[in-house]
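Chains: A, B, C and D, in written order; residue numbering restarts at 1 for each.
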Amino acid sequence: MTPRTTADAAPPSATAAPEPPRRLLRAAPMAATVVLLAAAPLFLAPYATTTLSRILVFALLAASLDLLVGITGLPSLGHAAYFGVGAYAAGWITIHLTPAVPVPLLAGAAFGGVAAAATGWFAVRSAGVFFLMLTLAIGEIVRQVAQSWDSVTGGSNGLYGIDLPSVAGAPLGNVGLLHWYVLAGAVLGYAVLRAVAASPFGAVLRGIRDNEPRMRALGYRPYGYKLAAFVIAGSVAGVAGALLAAQQRLVTPSDLGFTTAALALLAVVIGGAGTLWGPCLGAAVVVLVRDALGPTLDGHGPLLLGVVFIAVVYLLPRGAAGVRLRRGPGREQSEQEPT
Amino acid sequence: MLTWLDANLVSILNGLAIGSLLFILAVGLSLVFGMMDVLNLAHGALFLAGAYLGHLFVGQQAGWASFAGALGVAAVIGALAGGGLSVMTEPLAHRSHLDQALLTLGVALVVAELLSIAFGNDVQSVAAPPGLDGSTVVLGSTYPVYRLVLIGIGALLAVAVHVVIERTRLGLLVRAAVADREMVSALGVDERRVKAAVFGIGSALAMVAGVLGGPIYGARPGLDSTVLILALVVVVIGGLGSVRGALIGALVIGQVESLGRVLLADLASFVLFGALALVLVLRPQGLFGARAQART
Amino acid sequence: MTESRSTRILFSRRSVLGMLGTAGVVAAVPGCGSSLGGGGDAGGGGQGGAVKVGLVIPQAGVYAPLGVDMQRGWELYLNQHDGRLGDREVTTVVADEGEGPESGVPAVQRVLQRDRVDVVVGIVNSAVALGAVDAVTSAGKLLVVSNAGAGALTGENRNPLTWRTSFANAQVSSALGDHLAGQNLPGGVYLIAPDYAAGEEALGGFREAFEAGGGRIAGEARTPFGTTQDFQPFLAGIRSSGAAATFCFYAGGEAVSFVQQYDSFGLKQTIPLFGSGFLTEGGVLDAQGAAATGVQTSLHYTTELDNPANTAFIDSYTAANGAAPTVYSVQTYDAAAVLDRAIGQAGDVAGTALSEAMGSLGTIEDSPRGPWTFDGQNPRQTYYLREVRRQGQGYVNAVVADLGEFAQPA
Amino acid sequence: MTPMLDGTGLRREFGALAAVDGVDLAVEPGARHAVIGPNGAGKSTLLRLLSGTMRPTAGRVRLDGRDITRLAEASRARLGMAQTFQHSSLFGSMTARENVTLAAQRHGGHPAWPLPRSQRGVAVAVGELLEQVGLATRAGIAAGELSHGQRRQLELAVALACRPRILLLDEPAAGMSAAESARFAGLIEALPARLTVIFVEHDLDLVFRLAGHVTVLHLGRVLLSGPPDRIRGDPAVQEAYLGTRDREQLFIEPGGADVAAGT
């Protein structure tokens, strides 16, 4: 179910526009969630808080991927590349320039966006399975660069010893403070995605997802919109990467590898593509399954993960159906046509 | 020029051997995709299953009987597994590529993990059949006999697949289905059975490739994803749904992985995906794919 | 129609999410409290007479066989000592390191924050170890690495709370470099390794020692890490270089493929193969089979070492596990041994106290690998030149020569 | 007077078959121009060549005197060319209002604005358009859940939201009931007179009610072009239709319930 973005602009004659109280109601769970997340360190033990922080980082990655998969209809297998680029950029700047708070975040956003622009200009030209493959190739090439460029990335050992982020010169020296930093960054990134999705631009992205040929007939040139969405998603993924660098204090090539990208996709599909908040829940499930249940399975976590993949596809078709990859214009409609 | 050729002839030959194996692996993937739009990410796990099957039957002391037995059993199990996958993907026929990719990725994870439970995490090696396990001198260099034989097997299978696709009724249906899926139903043929047949043949070839690849690659956790990536690259470079494309793609990647790594030794890690990206940027539908636009 | 379908599906997704969510909460909740304390909180069994150890080893993925050997080594030591280290009851919490930092770092965080261990032991992967240093030491705990070979762990900028009972990558190969420099190899030595950090360090250690001894490098190559199954293109380069010997650094699946192909492409007969010991260690040797015979490697341990401690160790290890030990078992066995002494000496399990005790342990005389001491925070130990030989049904790394004592190169 | 839309020598081949084979077509500003012909005559292909969905193998298209042959579909749309499709082609997951808004914001809103904003002018225009096509009460329903007739109405609203100078309708009344068809004709009649309309239609009653000029295609060529009266009585046209199997369908059926009748 896609959010009804243009509802704000409903003329008085319309009947189905949600009244203001309902809009407030819709914002309420969001606000409550943020408050709850903010209060978490006060009553949770350190490890639970750390897990929560890790979920937030991954949730922002999943939500940014959802802007591509669920809202624009571009299923990317290489989104972790921008996550990783942002993480390396933020980590490098923290080590070599400054850990002062907004700087690493901005660096993550900038580098993630630039990397997405540098690769997106040709990636978004392709469609369907070719897009899947091209993004997979981009992801692998970027991972390989991270692994080979020792002097900057630390190669396969990763970029380690990243300082804690600091606010006004004071490092965020415990799990709770770090959690608040991650939360702030994640809320910020999520708000950007939300705003983009609810904007006229976001409506165009949904149009492209639903029916790209028709968009051309309406006078839209989808390429520019897709590229912009790709860059925004890459930029927000870069922010998530910067949060990872702060939270994990280590960035390695595997953070931008295929596994990370596939898990992010899984989160999107579990939660329901196109909703932005759904993938965040999906991310929580994925992280909990991997980190909390996985280790109790004698090292057979991948087995459980595989079962989850299969189950999600069969049991949660709605989450997946929301994707509506472009399989020919109006396929569903023509099937419903009366005869 | 001659000295260059002299120095690299073995690498070119080796590229042919690797290309042959890749063709056997990739042709099934290509047909299944071309026909049913199913991106089968479990293909690599089938290869690995074949490799472990080879290990189980053949182990370190190869006999011709056990090797042939492994090939036969691999073909049968592969065909059954393919049929199973065909049934599993049936409910997803009208869903997105992403759903199918996630489903088969899940299957791949489960199969690979079950294999690791059954065979452990150690590297297992598989011996080549007697007589083929030695090396011979080719063009002045020592070269394993088994790899030479592999080139022959690859050529043989390429011809066989070509004949099946071009000369038999099943081949006709497959070609028709690749061109236009609805048309097959219009011919009064149960489309699902054609799909199951193609899936079965493709998966059988993947497992056979696993047995054949055993003496070169061995059997170990993680091999599945490595060969899957190779097969995907082959298929995408060659163009989806085309036997000829799979053959050319396999030969190209065989050379990229062999000669390319010799010539661009410093960039060895980048040549594979570099080649893929290059092809897709220049020709987004692959070298032999004609239907990129229709397939969006 | 559409309406009812979407409600039903929505419902089913909710219920599944609910189930998973509940499971997650149950898993995450234990140990409520606050996360807003200072950076290093005192943690669990500080003075209480018991000690809690987090054993972080790979239980899944390609490194899992190493994890098995490490855990066996650890358990063997504890079983031989009544489950006590430094006369304190030991609780071991095993955590799965997985294949890399994405699972390894959370595993370290988990044993630290949730299980509140006093010491973290193990770790195969260098990236995980480097990432763990911050987490462990900022909590004021001791980290004892029993495999990962990254030089930086115990190098110049080492953290005072990080100790290692295994080796540094460059250390293992420098022993061989030093040895080969003394041989007459007019064609020089060709170097080859995967293009990742450990390979780079190994080649660096070899190169430095080899060139310092007057050796000549005939050529070098880096193979794509983790994705190379076919080494023919690189073998062609070795052949055409005219080298008199090859030095390589491979482990796991790549070690099997490389050694087998080095043989089947006919190089083994003409250009002898040398490598860091992991090339032929543990399970990979069985898989390599006859192709490995004659391959020579340097390492600080082999089951063929002839000393009483090793004989006893092998007997009890084999009796307990039905399999022979590997260098990985010994390194973790020794980690338990040094902790045993350090805890006893310090009478405390706080990081700084333990670290101080570790520094004053002197020579460990009764290790299966022979006597060794800490030099810096890494072992100074004897390296052996080993050659793969057939023995009965299987293959072993027979000791050919004693290469002398080596510490981590500066 | 410069024709609003002018196609000369248009040709489009599919393999060996020329679906459109040297068609000349001039549409005057403000015209109601119908293109008719039996199935397979090349009507839809011709429309696609005009709209830019398909490139011609040969020939030129001019819009208001300007050569647009090489312009992409989107560019033509920006020059004021809007279209509806033979098979409803909408944004299925969006409401009727969102569908029209998507078109309207492109031509008078801020389509690239990446933050939420109320496009007051667009909203008003969308409301009026929905009112105009009779969907005001269905504005909040997802397009995929509208009835067939309603979707065709929505198609028209979407096309009109592009503020077109020229409107290309491909079988706009296909699949409509007689009542719906009549209402639809009323909608077209109520369009501003300066708006040029080209439409392909099977329902000849509708054609002769709406069109001021009719072009008959047969086997990819223009058989005849002229005012409706001349077309109705022409023996060549009669024969062209008589030659087809679909004669009954084309001439006798009142509303033409032939959804599947494509070219």
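Definition applied: contacts are C-beta pairs under 8 Å (C-beta built on N, C-alpha and C of every residue); 3 or more make two chains touch, one makes a residue touch a chain.
All figures in this text were calculated on a predicted structure; none of them were measured in a lab.
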{"item": "Chain pair showing more contacts of the two, A-C and B-C", "value": "A-C"}
{"item": "Chain nearest the overall Cα centroid", "value": "A"}
{"item": "Relative to chain D, chain with the most remote C-alpha centre", "value": "C"}
{"item": "Centroid distance [mean C-alpha coordinates] between chain C and chain B, Å", "value": "35"}
{"item": "Inter-chain centre distance, chain C versus chain D - centres from mean C-alpha coordinates, in Å", "value": "72"}
{"item": "Where chain B and chain D are represented by their mean Cα positions, the distance between them in whole Å", "value": "48"}
{"item": "Per-residue multi-chain contacts in chain B, two or more chains", "value": "229, 269"}
{"item": "Junction residues of chain D, two or more chains touched", "value": "144"}
{"item": "Touching two or more other chains - residue numbers and ranges from chain A", "value": "144, 147-148, 300, 302, 311, 317, 324"}
{"item": "Of chain A, residues touching chain C in the complex", "value": "1, 40-52, 54, 144, 147-148, 150, 154-158, 160-162, 173-177, 179, 248-250, 252, 254-255, 259-260, 270, 272, 281, 284-285, 288-295, 298-302, 311, 315-319"}
{"item": "Contact footprint of chain A on chain B as seen in their complex", "value": "33, 37, 39, 91-92, 94-99, 101-103, 105-114, 117, 225, 229, 232-233, 236, 240, 269-270, 273-274, 276-277, 280-281, 284-286, 292, 295-296"}
{"item": "Chain D-touching residues of chain A, taken from the complex the two chains share", "value": "2, 4-6, 8-11, 13-17, 195-196, 198-204, 206-207, 210-211, 213-221, 224-225, 228, 232, 324, 329-330, 332-334, 336-339"}
{"item": "Chain A residues touching chain B - in the complex, by the definition given at the top", "value": "69, 75, 122, 125-130, 132-134, 136-138, 140-141, 144, 147-148, 212, 258, 262, 265-266, 269, 300, 302-303, 305-314, 317, 320-321, 323-327, 331"}
{"item": "Residues of chain C touching chain B in the complex", "value": "61-62, 64-65, 195, 221-227, 229-230, 232-234, 236-237, 239-240, 252-253, 255-257, 260, 264-267, 283-284, 286-289"}
